[in-house]
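Heads up, the thing below is written out as structure tokens.
By letter and in written order, the chains are A, B and C; residue numbering begins at 1 in each of them.
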Amino acid sequence: MAIITLTTDFGERDHFVGAIKGFIYSEINDAVIVDISHQVSPFNILEAAYILKNAYKSFPKGSIHIIGVDSELTPENRHIAVTIDGQHFIGADNGILSFLTQEINPEKMVEINIHDRIESVFPVLDVFVKVAGHIARGGTLEVIGRTIDSIKTLKGLSPIINTAGNHITGNVIYIDNYGNVITNISRAIFEKQRKGREFELYARNHKFDVIHEKYSDAINFTLEKHKRNEDGKKLAIFNSSNLIEIAIYRSNLDTVGGASTLLGLNYRDTVTIGFL
Amino acid sequence: MAIITLTTDFGERDHFVGAIKGFIYSEINDAVIVDISHQVSPFNILEAAYILKNAYKSFPKGSIHIIGVDSELTPENRHIAVTIDGQHFIGADNGILSFLTQEINPEKMVEINIHDRIESVFPVLDVFVKVAGHIARGGTLEVIGRTIDSIKTLKGLSPIINTAGNHITGNVIYIDNYGNVITNISRAIFEKQRKGREFELYARNHKFDVIHEKYSDAINFTLEKHKRNEDGKKLAIFNSSNLIEIAIYRSNLDTVGGASTLLGLNYRDTVTIGFL
Amino acid sequence: MAIITLTTDFGERDHFVGAIKGFIYSEINDAVIVDISHQVSPFNILEAAYILKNAYKSFPKGSIHIIGVDSELTPENRHIAVTIDGQHFIGADNGILSFLTQEINPEKMVEINIHDRIESVFPVLDVFVKVAGHIARGGTLEVIGRTIDSIKTLKGLSPIINTAGNHITGNVIYIDNYGNVITNISRAIFEKQRKGREFELYARNHKFDVIHEKYSDAINFTLEKHKRNEDGKKLAIFNSSNLIEIAIYRSNLDTVGGASTLLGLNYRDTVTIGFL
């Protein structure tokens, strides 16, 4: 059994995903295919990196992750295969994988060099699935590529800490299905600067002085339900990726709205934390 | 082989579903994962219940259904596992499962009590998948929970029958992908009151005096195609869930419209049947 | 192991797809289910045919493809099962499969005749899955149907070549997730008429005199990146289905737009090629 995941910007209406899955089963008889996401915004490297980074960690060792975002081979966009923490990643060298390797040193990195045998306008199918099949059959990366020392790094938005160490300036890096606004300020960065101090978190003109561990921690359950005024309550939380997130309790973008719409927070907007 | 299904409001763009699937394969090597829906409207209990109730019946005995809607553990929202008709359901005690147990007596119900070992902002992954793994390995519910006698019941919209027994007042409970409008009036309720009588069904100012068995029963195929004026034809039908549904023949919300848009019928709107 | 694919217009929110998958696993214990698409526009035969035609070819022999578009049994819409190129297709005789059989002669075609045993408002589940189970267990089509000589053919849009042989008039037949505009002019038709001549391709008032092999062929990588003015560059290309496609380099319908929106090209619009 080989677990093959797909993270792409193909959408789910066209034939692309179906064609790739058919080809995977043609190449790897006992494949187990998992869709991580096909709804990455077209060519959005940062979004693909965020989704993949937060999904891959729960997969078993040996899983093979195919990345179908901005994957055409060009003089500036090599095809690479990288082994990180016992899992394998196949994609273009466009910066996505640098978001994974900045936290964990890769065990192996190769530039895929089987293209003389394959010319393609659809490399996810023609090249990446071939490489996945090779890995699934126990093949080593060196057979399908040339070892490389570095991959293209892309600077994401990193939070900035002032020299006095009492101020963090972060940014919105993702907005999820509930309209929750995820920042690039991790629990680790926050706690390191905090040193037990009180703080004020500002997102636009909204102020927060508590960062919760659970969404419902913002609700006072000792009050009767009708006295709580809980719906639409805004809160800051360490989310399941240990990033600071601005949320609305029980938000729904189609009805009551979410943090993004209600608080007017957009991708790349600034969020600041001041320590008192 | 263990069939694990997912019914959530996570959407399909974020990393949530991928992360959960990775964790399922980490816990249950031979899992077969089935997506029932990830497009439940956020926190919409009734919608989740409708989708799950109409999907689960076709699954084999022993299937394990994980429900990821409104799943955070709170003082008012316990985590439960319930066995109904040989199938297992894991979710929060928020009313969703009461829509299943009102028709079939559950064989077993427990309040999950493994939380002392797991604290989580993402319980579907940290708690529900753990429980699913336990069940998939043949474990009993008593090991991961404390037997309970009742779960939270949530009143859905039930049709009302007048004392004379000649009038049913129902409601729209779901609008599907075609814009078809599904009511809470079942074939059983209808036939029980009908007693062979003629009837008039009203949805807004639209009247129906036949309830069809198939969509195409509304079309007269003895006429030549161009004489039929069939597109856009409105009809009432017993749908595949044996509920009365108001439909437009060959509807398409993006082009010609569907029953919901063309007839102006919304979620919770009233539909009445009078027997003559 | 039996690969069962689904191509439907059911969408992914309702219970339909989940119910069908549950029933497939009930019927075919070792099924591997692949979603080709559930986002076909409701009742859109041409769109379903385009998606299925471009996806099925990469599947292994023996794969079973269920088509859930316009599938209700009517006097004019028989249920059929067809074997083409070692793969099996189950659907309604509404023209979809004629797009596949026009290129490859089917090995076998039957009209499904097990309906006396099954009456249904949901034939994809009640009839098509039963037939798929029969085929998956090695059964022959003759057991579940009556051999037929022909199926309903539906004229798609075919490109027209003028008598002088120096002009091709084609049409837009599909617009994909990137807004790329796919025409019905294949590489084979183009090259056959071209005979080495120069040409001018017109889509609305946009002119192209090169058809690329890769999207990035339109970019001059010898220039430095900031001098290339590459984003939003329009181009013509032979796509992965060997059809002429009008594209915008790195398009995104939600941000910069795609060929469909930027060039004002819609489904069925005319594209012409004149040979000089």
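Assume contacts are C-beta pairs under 8 Å (C-beta built on N, C-alpha and C of every residue); 3 or more make two chains touch, one makes a residue touch a chain.
Computed from a prediction, not measured in an experiment: that's the story for all the values here.
Under the stated contact rule, the graph of chain-to-chain touches is complete, every pair of chains being in contact. Between the two copies, chain A and chain C, the Cα superposition rotates by 120°, quoted to the nearest 5.
Centre to centre, using the average C-alpha position, chain A and chain B are separated by 31 Å.
Taken residue by residue, chain C touches two or more other chains at 12, whereas all remaining positions touch fewer. Partner chain B is touched in their complex by these residues of chain A: 1, 3, 5, 7, 12, 32, 34-40, 50-60, 63, 176-178, 213-216, 219, 221, 225, 237-240, 250-255.
Chain contact summary for the complex, chain A toward chain C: residues 9-23, 25-26, 29, 33, 41-44, 70, 72-77, 119-122, 125.
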